[in-house]
Amino acid sequence: MERQNLGFTIFLYVCAALLALMILAPFAWLFIMSISSTNDLVSKPLRWWPVETDWSRYRILTDFTPNSHGAALMSALGNSIKIAAIATVAALMVSVPAGWAVSRTPAVGWSLWLVIGTYMLPPVALAVPLYMGLAGLGMLNTKIGLAIVYLTVLAPFTTWLLKSGFDPIPRDLEKAAAIDGARLDQMLRIIILPLAAPVIGTAALFAYLLAWDEFFYALLFTSDYRAKTVTVAIADLAGGRVADYGLIATAGVIAALPPVIFGLVMQRMLISGLTTGGVKG
Amino acid sequence: MNAGWTATRAWLLMLPLLIVMLSVIGWPFFDTVRLSFTDARLVGTGGDFVGFANYERLFSSRAFRRAFLVTTQFAVVSVLVEVVLGVLVALLLYQNFRGRNVLRALLILPWALPTVVNALLWRLIYNPEYGALNALLVQIGLLDAYRSWLGDPNSALVALIVADAWKNFPLVALISLAALHAVPHDIKAAAIVDGAGALARFRFVILPYLAGPLMVALVLRTIEAFKVFDIIWIMTRGGPANSTRTLSILVYQEAFSFQRAGSGASLALIVTLAITVLAVVYVALIRKSAGAQF
Amino acid sequence: MHRSKNFLAAMLVSTAMAHPAIAETNLNALFMAQAAYSEADVRAMTDAFTAANPDIKVSLEFVPYEGLHDKTLLARGSGSGYDVVLFDVIWPAEFAENNVLLDVTDRITQEMKDGVLPGAWTTVEYNAKRYGMPWILDTKYLFYNMEILAQAGIAAPPTTWAELSEQAKAIKDQGILDHPIVWSWAQAEAAICDYTTLVSAHGGAFIVDGAPAFQTGGGLDALEYMVDSYNSGLTNPNSKEYLEEDVRRVFQNGEAAFALNWTYMYNLANDPNESRVVGKIGVAPAPGVAGKSAVSAVNGSMGLGITATSQNPDAAWNYITFMTSQPTQNAYARLSLPIWASSYDDPAVTAGQEDMIAAAKVGLAAMYPRPTTAGYQEMSATLQQAIQEALLGQASPADALAMAAEGGL
């Protein structure tokens, strides 16, 4: 790195402070809203810090009496956790073998491009037949049904990520194993999977976050506590005429916590995943 | 192990993925194509073949032209903002300063925030009477009086773009940052020795390394922006006076609120076509830039 | 009759066999999370029902009004969707034609027919059949802040829309409030409800002989009134992005002298925990237009119906009967008034909200319907756009409505 003069250093720190402010201010405000009384939130001029912190919304949303706000949000969180997990596992089950095949056998590569090309399809181009299909199978408003639909988004993405992750793993190991007479499944299980564990973890994390974030399909294909996800529950809460901005903010904080904590804790993994795709694309 | 067996084995390994893709994407897509030539309703009738009637009706409709324009504006401006901001932030975080790693970690936060939460957070911020934005701008003297952000057709789309860009610029920034780190040190050193100014260094030394990854990010973000639904659905539902009604919102209305599955399908296919054309143009550009580079 | 006998028999059998291992019936009910009964009220009513019917379990789902229509329709495709749904007065036509709701004409007893206000039945009727029980009987009233009116030297609330403008102007000119009137004119059904109120005041009509008629006469006058009020600054300019709850928040914060809203605002804006205008709230039927109408009102009622896909229509009807019964409605009459005629003279219901009841007696009798057509959703969307374009100055009221009448998608 080149030497820096004082002016440049000051400039750097000012920019860095501005960036930190830009990122953190909306988060801070979301949190402050969640602990401000309604009165503070509708005062003019606006109060930037509540007169008295008010944690009652957190109590409301963690009170699980049947049919209450808290129970609704909790069941939605539970659904999101399960649906994202099912979809992630299913996506990995099809994309690990496929990603490895494409990585090792370039001859089938064109089919991967076809799969990735489906990323260009907007969900609205699949929604009507998917809706009719799920209805026909009796799978509307089921967790499994929604998880299967999520494969449309997750599977191409994880395959692409895994293929880029498998590429740098040396082939010599496989050749040696093949000479030793290892069967295909043994080779995958004993040699490839342990080496590829980090990239598979990254793919799983991404898939999970994508599924957690999904809104459109969940809005269309779920209707109640049996399958409604947290994104739809939050939208219902905010779209309804809930008078209390603080409650909306609190629900937002709760729904954001899992992915944000995931993101912070596993940021190395995430960044490596983000950039594998981008840099080697 | 001969080549034929390797290919067969590869196809066998691909099979589960291909079967899944065919059933959750292939079949629905072709069914959408079929539906687009019918007058099917969402519930009840399967519909009759009507030829290109749905397409003709759409192309002559004011709503479609407007939604197309709104979607394009949203996609172009938001992606542009994200790319410029993302590259600038990457250049900043590439410098050596205290707290750099903390800042890099923070960058992941907006990206990890669920889109729906992001949308409602900004909706609260833009609230015309009690929102933080009005309060802030008035208190620091940038604004004389509280104003409407999401209720004014001149500012609603801009407000949406800001909210979307805030969530998505970190992606571009992280990709660019990784690309910056891939620039070999000796090349940078050589450029400094040659006495190239900062701007020239960026243009001739850094940019070629950034171009490829940046184009990938650009394609991804453009496709996503063209498909946009959730953030708009939550913040404005397409209002005021449909000034933020994008194509995806229009398809939702046609197919699900008004139950015209056939017409909704044809509209969805037009969106798909537009995205495909965009992506092909971009990929051609990527090829070109990659070709110029290597 | 035959059906209700079976139903009765089933009830008797089920109570007779009330041993612990009894099969439980699960009902899924869809409600809206806003105006009228609060979620807490619906929950409490439901708890009372399940306490009386331990073999029935009811799961409640609350969605915003804006999502209620689409959810009901979309859930129709799922074999185990909702059993009981709340539906708006404007949907029976569409829901009947698409076989979304069960025809319950034969389930309605003579007692119900005699006791429920005649006007309430229009909420659930289409082609002489009934698709549920009316539950929320509501219209938009004119709420006013008595303190602000007194401060401006205004003795009585307005009885005509012209008078409303004059009073608002007086308040604005005296510098008491910048924008004295607040409405819900967001691009949503709420705007159509305000518009319909004005259409009824101006003697307009939506459809005459199967053709759109709102673009001329009273329909046009109504929109011109809205645009004038908006442009003159008498109306809070943020009205164009407001729904009912935003209106309530502004009004209960003391930032509006006049507001058009549903019944529920009366008691919520009198709640000291939330409101700064407790005890200062006046309510009157929405005004009329000299020579055309004395008062105006929109039919904003809603009903409870059984979905065509319900596996337990009898239990569902049982639940609906309970929810719409006079005792239940009387007990929860603070946010939504009963459908039963005699309740309006019952001191237990009227106590503490005499003004509200007085306004309701006049307003409910004047309720004007929005069009009854299977294509209502689309017509409404087109009208919403026209209203917003006119408000935003993108088109003149006449042009905007003419375009909507042509059905320009």
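Quick notes on this one:
A, B and C label the chains in the order they appear, each numbered from 1.
FYI, contacts are C-beta pairs under 8 Å (C-beta built on N, C-alpha and C of every residue); 3 or more make two chains touch, one makes a residue touch a chain.
Since we're looking at a predicted model, the values are computed, not measured.
Listed here as common contacts of subunit A and subunit C: B. Chain pair with the highest count of contacting C-beta pairs: A-B. Measuring from the averaged C-alpha position of subunit B to that of subunit C gives a distance of 39 Å. In whole angstrom, the spacing between the mean C-alpha positions of subunit A and subunit B is 16. Across the assembly, subunit B contributes residues 42, 129-130, 256 that each touch 2 or more other chains.
Contact of a single residue of subunit A with at least two other chains is seen at positions 42, 131-132, 220, 239. For subunit C, residues that reach two or more other chains under the stated contact definition are 66, 74, 77, 249. Listing the residues of subunit C that touch subunit B in their complex gives 66, 69-70, 73-74, 76-77, 98-100, 186-188, 237-238, 240-241, 246, 249-250, 255, 375, 377-378, 381, 385, 388-389, 391-392, 394, 408-409. Partner subunit A is touched in their complex by these residues of subunit B: 1, 6-7, 9-11, 13-14, 16-18, 20-21, 24-25, 27-29, 31-32, 35, 42, 89, 92, 95-97, 99-100, 103-117, 120-125, 127, 129-130, 132, 135, 138-139, 166, 171, 174-175, 177-179, 182, 192, 212-213, 216-217, 223, 226-227, 229-230, 233-234, 247-248, 251-252, 255-256, 261, 264-265, 267-269, 271-272, 275-276, 279.
Across the complex, subunit A meets subunit C through its residues 38, 42, 67-69, 72, 131-132, 134-135, 138, 140-141, 220-221, 223-225, 228, 236-237, 239-243. Taken in their complex, subunit C has these residues touching subunit A: 28, 30, 32-35, 39, 43, 46, 59-67, 71, 74-75, 77-82, 243-245, 248-249, 253, 268, 274. Listing the residues of subunit A that touch subunit B in their complex gives 1-2, 4, 9, 12-13, 15-16, 19-20, 22-24, 26-27, 29-30, 33, 41-42, 44-46, 90, 93-95, 97-98, 100-102, 104-105, 107-108, 111, 115, 118-133, 148-149, 151-152, 155-156, 159, 178, 184, 209, 212-213, 215-216, 219-220, 230-231, 234-235, 238-239, 245, 248-249, 252, 255-256, 259-260, 262-264, 267, 270-271, 274-275, 277-279, 281.
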